[in-house]
Each structure stands twice: as C-alpha cells, then as structure tokens.
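Below, each structure is written out as structure tokens.
Each of the next two complexes has chain A plus one more chain, namely chain B in the first and chain C in the second.
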Partner chain A sequence: MHHRTFGGKVFEGVNHLFLAACALLCIFPIIHVLAVSFSGSTAAAAGQVTLWPVEFNLSSYKYALNNPQFLTSFLVSLERVALGLSVNMLLTIFAAYPLSKERSDLYGRNAYSWYLFITIIFSGGLIPWYMTVKQLGLMDSVWALILPGAVPVFNVIILLNFFRQLPKEIGESAFIDGAGHWTILSRIYLPLSKPALATLVLFTCVGHWNAWFDGLILMSSPHHYPLQTYLQTIMINRDMSLFTTASQEELKMLSEVSDRTLKSAQIFIAAAPILAVYPFLQKYFMKGIVVGSVKG
Partner chain B sequence: MASRQTVEQTGGYTKRTRAAAKIRHQFPMHLMLLPCVLLVAVFSYYPMAGILIAFQNYNPTKGFFNSKFVGLENFNYVYAMPETMQVLWNTVFIALLKIVFGLLVPVLFAILLDMVRRSFVKRSIQTLIYIPHFLSWVILSGILIDILSPTDGIISFILKGIGIEPIFFLANEKIFPYLLVVTDVWKEFGYGTIIYLAAITSINTLLYEAAVMDGASRFRQVLHVTIPGIMPIVVLMATLSLGNVLNAGFEQVFNLYSPVVYKTGDILDTFVYRIGLQNSQYGVATAVGLFKSVVSFVFIVTGYRLASKFAGYRIF
Partner chain C sequence: MEKKASYPQILTTAVLTAAILVLAACSGNHTTNKESNPSSQASQTSNDNTGDAADSTAEIAKGKYDSPITVTSVMGLSDQVQKSVAIKPDVVNDNIWTRGYEKDLGIKIKYLWTVPGAQMEQKMNVAISSNDLPDIIPANPRQFKMLVDTGVAMDITQLFDQYASDFTKKMMEADKNIGLNQATVEGKLMGIPQLNGAIDAASMIWIRADWLKNLGLEPPKTMDDVIKIAEAFTKNDPDRNGANDTYGLGLLKDLTGGFAGLDGFFEGYHGYVNGWIDDGSGNLVFGGIQPPIKSALAKLAEMYKNGYIDKEFSVKDTAKVAESVTAGKVGMLYGQHWNPFYPLQDAKNKDPKADWQAFPIVSIDSVPAKPMINGSAATFYVVNKKMKNPEAAIKLYNYFYAKDPAISPDFAPAYHGKNGEQEKIPDQNYQLATMTSFYPQQNLFIHQSVNKYFNEKDQSVLENYWVKDNVEQIENYKAGDNKLWSGYAWAGPDNSAFNVIEFYDKNDRFLQNGYIKADTESTTQKGATLNQMRSETFTKIIMGAAPVDEFDAYVTKWKKLGGDDITREVNAAK
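Up next, the complex of A and B:
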C-alpha cells in the first residue's frame, strides 16, 4: 500500500515515536500519582518519585481503607451502580423495543420518540431540577441518584437502532407461532443484542460509578455520599482534619503517610474498579464508542 | 343497494374488530413505555415548569406555582451584575476552543495512527490514549492538582530541573482557560480518535491502490483519499458539537477552579451553581440557567438540521 522508500521509513520511525510519546504522555500523570500513592511521604515530598514508588509501602492504602467514611461511601457507590444499572437497563430495553417498531405497528410511535428526544435538546436547568427532587422528598435517599436519570435517552436511541437492524422476519414468524411481545423481546431480541447490551451495561456502570455532582447537592449527610462525591469533597477541602483525632498507632502510621500520598491512594481506590476491568473489556469500551457516536 | 349496505357494514365491522385486535396486540408495548413516560414526565418535564422560578421571587415552601411573580426582575438583576458578561465570554471562549481542538486533534491523531502498520502497536496506543475518558473529572482533577502543585508537583520539579521558576498553573488566570482546553483534550481525544479511525478503516482500500498506481505519495494519499473519506463524519461531529457552545465543562471547571481564577475561568454552569445553591438566589440562578437552555436549544436544533442536511444524519 505504501512505498518502502528511505524517506518513507524515516517518516514511519518518526511517526511511531511521536505517537508512542503522545500515548505515554497521556498516562504519565496517572502512573506518576499511582507511584506517589505507594511511596513514603518524605520521598514524595522531596520529588524523588517519578514513575516508580520510592520507599515502597502500603500505609496510605491502609490508612484510607481504615477510614469508616471511605468504606461507607464505597458501599453507597456499589449500591448505586447495582440499582442504577438494573433500572437503566430495564427502562432502556422497555423503551427501545416498542420504539424500534414500524409506525404502523405502534400507535403514537413518533409522539413517544419526540417526547423522549425533547428532553435531550431542552431542559429546565439545574435549579428547577434540584427543586423537583427536593419537593419529591428524595433528598438523602439513594433513589435521588437513580430516578432522575432513570431513562437514559441516548442509550434508548442506540438500542432501538440496534433492534431495527435485526432481521424482522424472525420476530414475525415467532408472532405467527403465537409468541407475544414479551416472549419475542426476551427470547429473540435480547439474545441477539448481546454485544450492544454488553456495551450499554459497561457504559452505565462507568457512568454511575463516576457520577459525583448529584451526590454532592442531593445528599446532605456525608454518610450518603457515593465514593466519587466523598473524594470530591476531600480534594476541594484541603484541610488536615483527618489527622487531628489520630491515636498513638495512627500517629506512627502518619509518619509514613502524608496528605498527598493519602489522596493519591484514595484516587486510585476510586479508579480501581474501572482500571481493573478496562484491559479485559476494552473491546466493548471501543465498540461502545463507535456505536454510540455513529449509530449502527 | 341492500347488498351494498351489508358489505359496507361487514366491512366496517371487520375494520373495527381489526382495530380492536391491533390495540390488544399493541397494548403490551404501551405498557412497556409507561414507566419511561412517567419518569420522564416527573424528572424532565415537571422541572421545565420550574422555569417559572426565573420570573419569581421563589419560595421553596410555596413551590413553582404559588411563589410571588416579579416579572423580569431577576433578568435585570443578572444583566446588572458586573461579572455576567465576563462569565458569558469565558464560557463561549473555553467552549469554542474545546470544540475546535476536540475535533482537530483526534482527526490528526487518527490519520497518523492509521499509518502504523503493526496492529499490536496501533491497538496498544489506542488503549492507552482513551483511558482518561473513562475516569471521572474528580479523579483526573485530583491527579492534575497533584502534578501541577507549585510546591511538590512533578511538573514544578521538572521545571526547576531546567532552571525555570515553578508556576502555579491552577492559580494563574492567564493560563487557566488554556489549561482547561489542554486537559479536556487529554481526557477526550482518545475517544474521538477511535471514531475517526473506524471511519478511516472503512474507506475502500481500492481507492488507496488506485492512488498508489497514479504515483500518489503518502501525503497525497492522505490529502486525496483519507481526508475526503472521513469528511462526512468530521462534518457530522462538527455540526453536532455546535450544541456545546455554552457547555464549557462544568465538572472539569468545578473541580479545578478557585476564586483566584474566576475572572477567566468562571463559566455559566459554575455561576448558576454558586448563585443558586450556595447563595440561595434561586430566581436569579434559574434566569441564568434559562438563558443557557434557550441558547443551547437553538444551537442544538441548528446543529441537527445542518447534520441532516450535510451528512444525512437522522437521530431515530
């Protein structure tokens, strides 16, 4: 395809170098902070840490995981992901199936479509949204983090476009054999849509895991904060209140832990679930991007 | 005459039973849609009624419909605020830079990456560059705050190493908006690259072969085959990103800014947050939010129209 000239080879070499350098530059900050989280506090403060831990120790992680608030928030996040995933996927499937039908097969299909689509292009804004959740008495409940975003309209559009590509004949013949919509959906559509569903599941989990702003404004007590919200509050308030009520044993630990290494450790515990599944599921991550942007 | 009537009657009758059967057949589908319709009504349409707050001296205990109406007072207040114009300008400036670089960098990167022939190298680079996309702005901000710290951040150590005084990037109002753009590109360009790379891969290889036959150099192949090949998707992405002119990135700015950089870094969304949820000036904040919603709406609709006109895009 390409010429194999000397100039071509030089270009290829330079191109490889440039792209590799960019890629490394992208993850360099992440690796660096990861290294800091495993390093001793003095080494970190002296700027000795670059890409590898210096004075390797796990104190920061131990300290972070000993913090009851941190664990509480971790559990809130897990609960949120589990509930949010179930609700989002169920509603996405229930909306996508009827909307993937022809107009003649579903009265008001276009009205339904527009009804959902309008919410993408116009919204009441932050304050009315906040007041709505407040008026409904959802503050401080995990449902405040689930219900307002219960219908992910973009995912509905992705899935309905996927459903439309399935061969119609299968559903029709099942219908002639006496199968109802529920059977056709659960026995035919869903098994055939596994790749699309896997991608949506992945993106929904990532979305719920990463969300923090709703937790910040809708939860008044830190006990209800999801992990990312808790992390956000400690990033912003750079106070040392964590360290005031330290016991003797904790003080010893603190000699190895600094505010900086502790924060780094907390960042990585919060990122860990995503970084852990990423290498195994990256096929789906990639597919999701292409499917999500250019439908089909 | 009589027979014709019977035919008409039976015709009407079967039509009606058919319609009834059709409704019965459709009923489960309407049932499936019901929860979505209700939830969207409550959490998307009901808040639209809350736009009334913009015209009220809102009292949370009285609700959207019973608070005292004050006409355009909130809008006048916003207009008279000294920072409003600056915030609007910041928003548009940051958002436009993000749109432009968010488009150009991935296109360029995808073209260069496509020239890499070893698929292992290609895949590895893709994998690395889009990791940041999946991390939240809380995590990425935590990382950025650490590496950019003027006292113990690695960047300042590097700068010191080459004899440059440490710079407090996050507190420098000249640098801050550009820092937002650069770090936003850092987070998102891997995502864009994959889209364009998919588009490049789907270009018919015969076109390249023909170009080589005609003696086209690598550069000319890019110019005459690759770029025209991905143009439709570039145009599509450009038109759809038009709706973001007032989205300067709340989550990013909120986690990185501080009062020292309000002058250049404060944007509409953070402005609304502070006025509304921190100062409890609900009416004023809703007025700013409404302005944003309306302007964004116009741009989004324009974007979709252009996308369907120039790229044949249909959302459903």
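Up next, the complex of A and C:
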C-alpha cells in the first residue's frame, strides 16, 4: 500500500468519526428503549433513565408476555409475514422472469411493464382502496393485509433488472439442451439470483412486519390487529383534552396506560424478530448490491 | 407507442374513481324522508317475564319490539374494554348490555367494527368518506357537522320528545339542555349528545402543599401570590435538597390545555384564550385577542426571564412536563380535575411527600376570576337517515340512563361493573353499552357525598354505589395505600379537585363559553393556521424573542387571516 498523504489520513479520520457518530445516533434510541424497559416505572416516569436501567427489574417483560392482546397480535403478525412473504415472492418471481425477456420473446412485454409501473406512480387513494377491499369481502381477514399488495412492483423491477444482467447465453444454451422455461427459471435463474432474492425477502419481511396502517383501517376488531397496529394504539399520543370530561373509571386507567417501561418492553419484543433476521440476510444484502454493480 | 398506452389506463382509473366518489355522495344524499313509523306504540308494555323491575323497565323502554330488530353501530373501545376484549374476544357483541337490550327492548346490536378509542377519529373519518356507516353513528363535533352537512343525520327532534324517558329528560334538565343545544342545528335536533360534566373542565391551580409548608407560604389569594409562590419555588429551594434545581410554574409547549397550560393563568387576568365572550352589546368576540391576554403575556415574559418557568418549555410536551413533575422539579401548575390520575399519582409514587393540592384560580384585581366552561358533550350519536327503527336509538339511550347512573331508580350495579373486577367478569362494564351518557353533576355529587361521610360522619350516603366505591378507596389511601392517593386528591374532603369545583359552583364562578357548537366553516379551514400563529407569537413573547407589543400585530393578522370571518360566522350560528 502506498504511503498516504497527511490529507488522506485526516480525511479518513474525519470519515471514521462521522460514520461512528451516525452509527451512535442510530443505536442510541434503541439502547434507551432497552434501558427504560428494564427500569422501574417510577424512575422511568421521572425521566431518570438514559442508557442504563435504573431500579433494574423484569416486570414489564412479564406483563407484556402475559398480555393476551400482545400475544394474539404477535401471532397475527407472524401469520401475515409467512403468508405475505410466500405470496409476494412467488408473484414477484413469476412476474419478473417473463418481463426480463426480450420484447421479441414476450409479445406486449412493454405494455405489461407499463401496466405494472403505473401503479407505482398513481394510486387510487385511501377511500377507493378501502371500498375495494370492502366490496371484495376481505374486511377483517388476514388476506386484506396481503392481497392488496400481492405484487410488489418495486420488487419486481429490482428482480427483473437482476435477471436481465445474467448472461443471456446461459439461458439460451440450456434452451438448446432441451430445458423449458420452468427448468431455466428454477434451475438456473433462481440459484444465480440468491443475493437479489435474499434482499427482497428481507424487504418483504420488514415491510409486512412493520406495516400498521392497513391493519387499523381494514380490521374490524382490535383482536385481529397485527402487532405494529396494536403497538401504535398504545404508543399514540393521547389527546389530553378528552380527559377533561372522562369518567372516573377511565381516569383510573390513565396511570396504567402511561407506563413507559411497559411500552418500551413491548416495542423491544416487537423489534427483536427483525433484529434477529437482519444479521443472517445482511451478507446477501451487501453482496447483492456489489454483484449487481459489477455485472452491470 | 407504449407510452401512449398508459393514457387510457390513467383515464379509466380517473373516471372510475370519480364515478365511485359520485356514487358514494349520491347514496349519502339519498333521503328516506318517510315519517318514521314507530312500529311499537308507547302504550305497548314489555312482557312480565322481564323480571321484578318489569313496570319501570316498561317505562324506560316505552315498549319492547315483539320480533327483535337489529341495529348496527360501531364502537371506540376504552382502555378498559380493550383489556376485556383480550380476555374474552367476543365481549363487545355478547355482554350484559347486549343481553339486556335483547331481553328488555327486543333490540339486537351488531357492531360493524370496533377500534381502540385513540384511533376512533381516523377510522370514523374513513367510514364517513366511504359512506360505510351504521344506524347509530358516534361522532365527534367535527364529524357531527360533516354528517349533518352531507345529509346523513336524521332530524330526531320529535322522536326524542316522544320517546325519551322521564329520567332521560331529567338528566337533560340537570344539564340545563346544554348538550341538546350543542346537537341542535337550525332548530332541529340532529344527534343525541353524550353528556359529561361541563363544569368538570374548569381550570384550577395544583400546588405542592409540602413545598408551601417548607417555605412558610400560604395558598394563593391573588395573582401576585401566584407570582410570589413561583418565585419562592424557584429561588428558595422548596424541596430542601440544597440544590437550585426547581422552578415555579410548569408549562407545556402547547401553552393551553388541561395539564400545565395557561388557560387558568389568563383567566386570572379575565382573559379567555380559547373562548367567545360577550362584548357588552350582545355580540360575541374572540377572547384570545383581547387586551387581558396581552397583560398576562407580559407577566409571563417576566416570569420566564426570572427563571420561574422552565427555560426549555417550548419543546416540552405533556409527557416531558410530566417527567419534570414526577422528578420533583415543579411545584405549581394550572390544570384540571383529572391531573391526580396522571401524572400526579406518578409523582406521589416516586416521592410520597409530594403533596399536590388543588386551589381555585385567583384574580389580578378585586373582580373574582372566573374559569370558563364549554359544552357538556364531545360525542354525538347521530341517527342514520336510513335507519329503519330510529326510535330504537332513543330507547337504547334511555336504557343506559336507566341502568347506569347510581341515582337512577332502576340502577343495577352489574351493568356498571365493578372497579378492578373486569378481569374476572369482563362482560360487565358500562363502557360496553352502545350509547352512553352521564349525569352531568356526577363527579360533584360524588364529592359532596364523600364530604358528608368524612365531615359529618353521615353513613347513609354509602347507599349510593358511586359514593361507597370512592369512600372505600379514600379510606384505603388513609390506611396507607399510597397508590390510591389519586382518588383522594380527586374527590376527597381536603383540597381535592372537586373541593375547587364545588367552590366555583357555590360562588357562581363558572363562565359559559359563548359559542359551544361545532366549528364553523372558516374555523375548519383556517383555525389550524391561526392556532399555529398564536402558538408561535405567544411562545416568542414569553421567551423574550419578541416584545410584548408583537401581540398587537398578531391581533391584526388574526383578524385578516380569517378571524373576522370566523367571528361573523360564530355570531350568525350562536
């Protein structure tokens, strides 16, 4: 390696400091939430917790894990991710493969592409979306959370571009050897696209796990809420003016509802699965981008 | 070529969307103006098998449907009901109320959807926009106006008169018809108000009495005393910890509101920051642009400069101010009756010495300060024009008033549900009723009865369910259960929130806001901008970033940017 100039060293130093600061900014809130979740509720209410738990205890985790609504919602979310991931990935692959072919191979390819692409730019808006889902009879079922977004067009475009970057000759030679499209897709394209697929799996999982708004609008009962929708209901800033005329029973719930340690524990448990998935897919994620750029 | 292919797509989408919207609007305007034909006559009585209360139940219901009818509604779930749903998922559709409706009234309730109370507004907005509405629609004032304007709401003036039970009418009288008045548009009753206590919203001063004692101070009698207390709480180490770490007046960035706001402070200067007041000639003017507000702001700027107010108040929301209170940094704030439950109970848990007590607001001069009160209803049950048996809505309303208030002759405690037992019996809770409404003086009544018990040793008040419940909690607090302090500070006999409300009530201190109906057109359009401008101007003035005279410029701008329109509309609609 060449001897670096002074300027180069300074640049590198500043760079490291800057990146470290960015990383700290990202991780600080997570550590804070973790610290609050392990703290005593009065210490948390008094704002005494920053990065280390005060009055360490596990009671909020015990409470959260015994909270039937939390568990129900957790299961709904798992179901949603499992179903959503299968449907999304299947349709993404089936849409991306033909669209990655030449125009001469697929009649009307560009029309199909535009048909899909328009949905990225234009959407019907909230009310038509709601009415469509309702008229289709999907309300209050887990499919309402999956089918309206069954074809993630953005993912299709990523994958079809990845397919296009694969050398055409591989497919052609397999074709000459007698392979059909199913074989070419399943035995050649998919194994070669692992990095791209892993990235899309990650996107899809995170997307489904974190979505909360559709759950709120399309589910008819809180019992069917996915986890993030449930979390939103406990985290939302309450309109304090409503308490002006609240009855005594409602008021008595206030101190329980405002418990920050409990909220933090639930946030952390909800974030844990994604935090656990990331490291395993991260390596593909990095590689996917690099591989793509080299081949391009 | 292909690019052009996209235009038909867009066009089709646009046309379809427009068509859907038009259709939705049409069905919304579709009127079924037929005189509702009450299928059940008032003379009809319920069967004797409804139990021992058959006679009075007959009166409540004014007739049971022989063949049960189905009524649809939706429900915003309270925190308590959400817990119940988690324990018993079908509790909303099968509980003591739904069973009672079916048995005593012949009405089956079907909920189209339920949603946690905090998201009720959002969910209801979507339902209104897509005209996907039930028979009985619980609406906030803004949605109420929308439902009236779009012709969804039914005129129930006559029905209400005909079907409301005697007890229901008594409750309306106790409310001085304020709630009904709020639900009346151009002389027609367009919704059924959910009554709460308007007087409960009055401002009060919460002060740490233990700090007063440490410093040898008396509770405030005048505005000057408030400033002196703020000064002493800031400078004289009221918590005796040897550190200069406290300040006098808690304040949140919103500047107004039911906790750590300034409403009560302005009222001390006879200024009404969110209210409409009579200008002496019968016209209403907006209180927030009157001279008293300017004087109060000047004083606040001085207090801020001297450090009596948190230097960082402009970024502190409720939770952040609550943190300071719990940490024992604040000794005084303007608030409302509910503050003991949150966040003052947290402060008490943290430091049992924290002795927050409520005091009436005080005046800058010899004219007594008057707290402003608003309407008594914040939720309206709109009867959908398409509803087949609209009188059923009023029967459901009567039914709640019959079973829930502990002063009702038909009161049945199981319908109300017992505090803290919802985990064992999740289907007994008044919040599960399709329509709720309360005795407007309920909280004051509880307090007065509790007082009789503690001060005059009157045991007879315990016959009332509410009173018994509260007395038990206060006794338990006195016996050492610190967690129950909030009930004591709320309705207890010594400097509690309702001591203050009672004081106002006895001395005729309440000032009724001149305009309590739904927001006018211009308020809906421009109100948010005007509030934003107010919040910025006031914050700047208090923090010394702008001179007090900035207030005059603000008043001019307020009028120009829509305030004059709002004033005109309010005067026309009052």
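Just so we're on the same page, the second predicted complex is superposed on the first by the 232 of 296 C-alpha atoms of A that agree within 3 Å, B and C clash if a C-alpha of one lies under 4 Å from a C-alpha of the other, contacts with A are read in each partner's own complex, and residues count from 1 in each chain.
Keep this in mind: contacts are C-beta pairs under 8 Å (C-beta built on N, C-alpha and C of every residue); 3 or more make two chains touch, one makes a residue touch a chain.
None of the values given here were measured: they were computed from a predicted structure.
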Where does A:47 make contact in the superposed view: on chain B (first), on chain C (second), on both, or on neither? both
Can A:111 be said to touch chain B (first), chain C (second), both, or neither? second
Kindly classify A:136 by the partners it touches after superposition: chain B alone (first), chain C alone (second), both, or neither? first
Going by the contact rule set out at the top, does A:267 touch chain B (first), chain C (second), both, or neither? first
Per the contact definition in the header, classify A:217: touching chain B only (first), chain C only (second), both, or neither. both
For the overlaid complexes, name the partner, chain B or chain C, with more touching residues on chain A. B
For A:127, decide between first (touching chain B), second (touching chain C), both and neither. both
Looking at the overlay, what does A:74 touch: chain B (first), chain C (second), both, or neither? neither
Counting contacts the way the document defines them, which residues of chain A are shared by the two interfaces, the one with chain B and the one with chain C? 45, 47, 113, 115, 122, 124-128, 130-131, 134, 217, 232, 236, 260
Spell out the residues on chain A that touch chain C in their complex, using ranges where they run on. 41-43, 45-48, 67-69, 72, 110-111, 113-115, 118, 122, 124-128, 130-131, 134, 140, 216-217, 219-223, 232-233, 236-258, 260
Using the touch rule from the top, collect the residues of chain A that touch chain B in their complex. 1-3, 8, 11-12, 15-16, 18-20, 22-24, 26-27, 29-30, 32-33, 36, 44-45, 47, 49-50, 91, 94-95, 97-99, 101, 105-107, 112-113, 115-117, 119-136, 147-151, 156-157, 160-161, 180-182, 206, 209-213, 217, 228, 231-232, 235-236, 260, 263-264, 266-267, 270-271, 274-275, 278-279, 282, 285-286, 289-290, 293-294
Listed in rising order, chain C residues that touch chain A in their complex are 2-3, 5-6, 9-10, 13, 17, 20-21, 24, 77-80, 82-83, 85-87, 89, 92, 111-116, 118-119, 122-123, 126, 129-130, 132, 196-198, 200-201, 257-259, 317-320, 322-324, 326-328, 336, 338, 341-343, 345-346, 349-350, 376, 378, 419, 430-431, 438, 442-443, 446, 470, 486-487, 490-491
Taking the touch rule as given, give the residues of chain B at its contact with chain A in the complex, in rising order. 23, 26, 28-30, 32-33, 35-37, 39-40, 42-51, 53, 60, 63-64, 109, 112-113, 115-117, 121, 124-132, 134-136, 138-139, 141-147, 152, 154, 157, 186, 190-191, 194-195, 198-199, 205, 208-209, 212, 217-218, 233, 236-237, 243, 250-251, 254-255, 269, 272-273, 276-277, 282, 285-286, 289-290, 292-293, 297, 300-301, 304, 315-316
